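A, B, C, D and E are the chain letters, set down in written order, and residue numbers restart from 1 in every chain.
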Amino acid sequence: MKRRHRHTKTNVMKLGMPPGTPMYVGEASASPTSLTVVEYDANLYEVVQCRTLEEVDSYRKSPTTTWLNIDGLEDVPLLERLAKRFQLHPLLLEDVLNTRQRPKFEDYPEHLFFVFRMYSFEPDGETLKSEQLSLVLGKDYLLSFQEEKGDIYDMLRERMRLGKGRVRTSGPDYLFYAMLDVAMDYYLLIVEHFEAHLDHIEEELLTNPTERTLQKMYEHRRDAVELRRSLLPLREALSQFARCESPLLQPETRLYIRDACDHAQRALDALDHYRESIATLTEIYLSTMSERMNQVIKRLTLVATIFIPLTFVVGVYGMNFDYMPELRWKYGYLAVWIAMITLVTAMLLYFKKRRWI
Amino acid sequence: MKRRHRHTKTNVMKLGMPPGTPMYVGEASASPTSLTVVEYDANLYEVVQCRTLEEVDSYRKSPTTTWLNIDGLEDVPLLERLAKRFQLHPLLLEDVLNTRQRPKFEDYPEHLFFVFRMYSFEPDGETLKSEQLSLVLGKDYLLSFQEEKGDIYDMLRERMRLGKGRVRTSGPDYLFYAMLDVAMDYYLLIVEHFEAHLDHIEEELLTNPTERTLQKMYEHRRDAVELRRSLLPLREALSQFARCESPLLQPETRLYIRDACDHAQRALDALDHYRESIATLTEIYLSTMSERMNQVIKRLTLVATIFIPLTFVVGVYGMNFDYMPELRWKYGYLAVWIAMITLVTAMLLYFKKRRWI
Amino acid sequence: MKRRHRHTKTNVMKLGMPPGTPMYVGEASASPTSLTVVEYDANLYEVVQCRTLEEVDSYRKSPTTTWLNIDGLEDVPLLERLAKRFQLHPLLLEDVLNTRQRPKFEDYPEHLFFVFRMYSFEPDGETLKSEQLSLVLGKDYLLSFQEEKGDIYDMLRERMRLGKGRVRTSGPDYLFYAMLDVAMDYYLLIVEHFEAHLDHIEEELLTNPTERTLQKMYEHRRDAVELRRSLLPLREALSQFARCESPLLQPETRLYIRDACDHAQRALDALDHYRESIATLTEIYLSTMSERMNQVIKRLTLVATIFIPLTFVVGVYGMNFDYMPELRWKYGYLAVWIAMITLVTAMLLYFKKRRWI
Amino acid sequence: MKRRHRHTKTNVMKLGMPPGTPMYVGEASASPTSLTVVEYDANLYEVVQCRTLEEVDSYRKSPTTTWLNIDGLEDVPLLERLAKRFQLHPLLLEDVLNTRQRPKFEDYPEHLFFVFRMYSFEPDGETLKSEQLSLVLGKDYLLSFQEEKGDIYDMLRERMRLGKGRVRTSGPDYLFYAMLDVAMDYYLLIVEHFEAHLDHIEEELLTNPTERTLQKMYEHRRDAVELRRSLLPLREALSQFARCESPLLQPETRLYIRDACDHAQRALDALDHYRESIATLTEIYLSTMSERMNQVIKRLTLVATIFIPLTFVVGVYGMNFDYMPELRWKYGYLAVWIAMITLVTAMLLYFKKRRWI
Amino acid sequence: MKRRHRHTKTNVMKLGMPPGTPMYVGEASASPTSLTVVEYDANLYEVVQCRTLEEVDSYRKSPTTTWLNIDGLEDVPLLERLAKRFQLHPLLLEDVLNTRQRPKFEDYPEHLFFVFRMYSFEPDGETLKSEQLSLVLGKDYLLSFQEEKGDIYDMLRERMRLGKGRVRTSGPDYLFYAMLDVAMDYYLLIVEHFEAHLDHIEEELLTNPTERTLQKMYEHRRDAVELRRSLLPLREALSQFARCESPLLQPETRLYIRDACDHAQRALDALDHYRESIATLTEIYLSTMSERMNQVIKRLTLVATIFIPLTFVVGVYGMNFDYMPELRWKYGYLAVWIAMITLVTAMLLYFKKRRWI
């Protein structure tokens, strides 16, 4: 999995600004900010691409539920005007725009606010990408802010169009939940993807472990740590959400939120298990490598050790002393060979007995 | 212990579905979904295999307690109709069918719901298998959902038939508890089985440790981690259950649930102790192995070190200088031998003194 | 310290039984179940060995306090009858008989129940033994269940006989506490015994560490872990006990229980400190061993390294070329010796400078 | 990053003093203690450098909000008089002056008190410096105590002058918050700076890791630990502050404080992530280094092992036995060469097969 | 720092005793138990050495505040009589005498009781010593129990004599606090002393690390662990004290106690930081040592590896074959030298390229 680009100059720019100053800190997106209104109730389902906020307003005033989706956060003045019309708290807008937000749930008097990080795969099915999503629930409308125009909620919209599930018949709070639920499904999906990797690594470890395997394990661990960093506060936020007593939230929906909370916990459990498994595999890898290295060095040292005494022996009879009786014996040479072979055999037997070879 | 098959495609399919959509994610079982009704009170005990839900309904309406056991979760439409008849919450049915559920207890207005993982041994007595079990407690009935037709509750049924214990004389909540209690007994049994393995490993470590021993320890640790992953949330769920104030639960039963909760804690304690013991044994193994390797290398290096100076000495007298007085001495050769033996002895003594050998 | 025998077949037998079935899972004791009644108040102190439960009953009805001590848990039918007479809850009796119980305190409507593990030394003063003790406090009586006839409470009885302390003048709840207090004293004693071992090990580490030392440290750690496993839930149970609001417990006694709770915490602290110390000593041992090994190998390698170039040099002049001018020089041999000695000196100085020797 | 000077003699001097004795324990600053009053409301903004406390008093009595900033804490008598005029609690003044304070929030009856450590960069943009900041919020005034005259709040003052943001229109509690917010911005900035370092280190690890890299990682870890030591209690203090129910704090401001608390949590999360990343990188470094060393030794040992048997072989034919038939053969020399080349080839093939090379 | 003597026979003696039996378990002190009364109010300050308890009583009945300091705990009968006169609870006296007490705060109906361990330096300024201190606060008196006559509170007494601070003008609860505050100051002092050691060790690590450095680090760690063992429960006790609602404690004093609690937390933070720093330094030491060792072995192996092929070469031409053409060549000898020099150069270049040297 490749790594997302890291933006590092964010907070330098924020230093001198008053708190609550809206400023977009993410990357520039290709497409401009666009406003999509989904107007629905049990009988109606209409998708409109709005140009102006006035147009949005007209939909909002209708008795049906209004879901306004904002793609792209670069047009800050537009968003500020939008915030004013929807009476969003300055801090809320700041949180929407600061795309390095910690997932959190905030219960404003007039709104419920949920910001979290959405993970999904690039079209290649391997590279992980993420964007920040902010949801604002009002009395009869829902605002969703996405960094980039994406297809994450296409299936949800299709479901709504076909009238499947309870979204159309329930209030905006259920849609709010349904959007969180999609995010949770993605988290579970990614964790399963991770787990599938584990099997590959385990196989690689057993058949042909290389230093590359180790590096891959470190990368996976890093990915898991990053996902966990978003998931842990998201679980907390969901649990806060489930306990929140705002009149904007209908009692029936609470049960669903608790379920999403359980899913988050399940994803966390799986993630922790995954991290622990990688740690164990790393340990196995390291001890296998060290074992293998030890084996190599041991055997080589063994070879050396057997030959060193032999070299000494032949050295002895290479000496040039005038008087060395063995050199004159007829079977001296043969005797030396016999002695050496005996010595080697004895050493091998000894090593065997001591389990050194 | 062999590893259960891991299904990895689950959540991909769930991505586009509305929350609460019932979908079975487990493996296809051999047998079709079957409905078994146990109809009982203090005087009556009757087991009936039902074909239709209507048949089930007739039993449910009788004044006696009805235990409906559903084996196999593949016939989703049947289960949906059943859910409607028993007024089960859509999320409840989804949880029953998603067999990778985190153990949990849920207090619905009309039902108490408990889902957990049941571990038992394959007939070989070695391989661990597990299935998800869901229990639903209603006003005068109990539903139990099993992934596969199994014999886990045969002994419980036998006990009920014979009228042993309190099951027949107490309400369905006691049966609910009794089924959880059987699961806890299995957990305790498996943990004891694990502990018995420890003794084998310890013996192996002392007599003949091999790299295989290490691998076995890693496998045991993995098994323990997996069991713990089911047991920890199960303990939590039991403790929630014990504190729940639903009118479906009679006060006398609460004491029993607390006892089951204690059993879960005991199993957890034993499991943690087991994991810690394995970790310690792994440490001992690694330090023993490294010690042994060090011994080998040390001794071999020692041998080499003794012979290297000797080889030098004999090398000296292998030189072909015209003028080398020693070569001409009568006892030159003898002197060299004496010198070398003295040198070796001195080195050995020195090494001994320094505790190197 | 030797290890207690581990019984592994317990829960297999329990699998098919209804919850609350009393079954003794411990080892068969030598002596049969015996009933000892201690009848006391401020003026009276009488010890009677009872044969039948009727005899016990007559004492219980007297206005004085009755302490019934049951030694040996094998006679299950007798204990069942006893439970019926004292109206003990079925789960209570099951807990008494299952001698692998987790220490716990239970507040039944008619009784306070405390079960814990009592550690003491065998007569040799070295081997640790343990048994499970269960205490039941009723309105004016106290039941204590011991696995084996032992002398743990002899000193307590002697104290009561002599009228020392407050036991005789206080109610059965104080006796209940006094029995827990004796257990705590034993825990503290054992932890001190452990700490004394630390000094021995430390000394051994400094003077003559062997692989045996390491093994001993692992054994001590295991003992400490086992003791902790009983002590930690015991502390929790004591703290629950101190907070319990049963009318069976007089307000004055509560202060004493809190004190016992403090003692448990102190023992736990000392135990943790002990474990940490052993871990540190193990680290020191391992780094000392590795350091020593490194020293050996380094020095031996050094020797080898010095002689290898020398061997090369003498090899050069062992060559048989027809034309090698040095061989003909008068002082060639001397020159070679001088060159070699110079070389060795230079190497030694270099090694010294680089701190390699 | 260079390390700040550590002052070690602080508490020795405090030993004999009564609690609450004001004593400045920081380093002597270059500039003397100076009093700067900022007098403001929605319409007014005035900055005055005061000489005497009487002058300060006159401003305080005016209906506008008064922000008194004290730079330099050396003039203890002046501060004592100031404390008396503003009725500060003796412990409060002691906390202001003891510049090794743990960040904390204190809710005195007449004041809210916040003390924390402010981190910023030296002009070189690399070296971290820190100073303790204390804020006291009264009914219509705010006191801020800085160790050294600095420019940290210049941007805030400029913002106030220009009337940007809400500071001028809100009460002193909002200014109080705004000052904490600036500190949080600095923390986030520094953590980002840390993260940027990570990239450098990662690159260094991949291209050219040296022992210097390891040392750098230890230094970064130490810096992170130090920052965390200030940030963790600061987060706690902020959360206490957000929950405090003092009438000095207006309800609207509470929301902002909670936001600052979130920022602190975000910085903490990032810091923890940073520490974990460094730990992982250290592990990678160590295993890479050990791997590299193993490779070196393995290959060198290999070379040695190949030549040792060869040396033995040539040694054999260097022996001076009278009767050695091979020496007389015509192709003896050639045969030896062939034998040796065959041997080397065989060994290399064997090593290759065993994956030793 | 030297280690305090460890007494190991304490609890053996306590085994048979009733709970609450006062028994002194510390070391015998040189001086006998002495009673010092400090009688004070805003106008009076008098120090009297009392002989009898009657004498003490007369002071206690006076309207001024009485501080009775008891040095030496060996005269148990005297202390028992004292306990009776002051109506101290038997458990309280037991805690005073058992000098291995865990620091704790106890709220008796008539008294507040605080027991903790006081650390200070021996006159050499290096060796740490400690003693247990117990404070009992009554309605208008304060009792303090010290193991040995010491000078810890000399400065406090001097301060009282001179009328500095609030001690004389506040009630006995403030004196109670002041005595705790002195203890906290000592803790902070000792932690600073520890931190100063860190600098020494760091320097030693950089210039000349030896095995002695490692041992020193282990000793420091042990000292820190021991201090922490007293400090952690002390912090808890202080925080309990701050929350206690006894009428013996005046509301104004509560703020001071909270401040002492903050100091304890600060000392704990510093201690934890210190322990972490030592752990990091130990890691650095170990990796430095291992790195250095690797360097040594690598270079030495390198030398060996270069000479081994050379030795083979010269061995070749030391063979005695009849037919070896090279030996007859005129420049054979020279050619061998050139070949060998070329070989060495090539190897060195290769090693350099591979970064092995």
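Going forward, a contact is a pair of C-beta atoms (placed from the backbone, for glycine too) under 8 Å apart; a residue touches a chain by one contact, two chains touch by 3 or more.
Computed from a predicted structure; not experimentally measured.
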| item | value |
| --- | --- |
| When chain B is superposed on chain D by its C-alpha atoms, the rotation angle in degrees, nearest 5 | 145 |
| Distance from chain E to chain C - Cα centre to Cα centre, in angstrom | 26 |
| Distance between chain centroids, defined by C-alpha means - chain A, chain C (Å) | 43 |
| Chain D residues counted as touching two or more neighbouring chains | 297, 301, 304, 308, 311, 315, 318-320, 324 |
| Chains listed in ring sequence, where chain B comes first and chain C follows it | B, C, E, D, A |
| Touch list for chain B against partner chain C, complex | 155, 158-159, 164-167, 177-178, 181-182, 185-186, 188-189, 192, 195-196, 199, 255-256, 259-260, 262, 265-266, 269, 273, 276-277, 280, 284, 287-288, 291, 294, 297-298, 301-302, 304-305, 308-309, 311-312, 315-316, 318-324, 354, 356 |
| Footprint of chain A on chain B - complex, ascending | 6, 8, 10-12, 14-21, 89, 91, 95, 100-102, 104, 108, 211, 214-215, 218, 221-222, 225, 229, 233, 286, 289, 293, 296-297, 299-301, 303-304, 307-308, 310-311, 314-315, 317-320, 324, 326-328, 330-333, 336 |
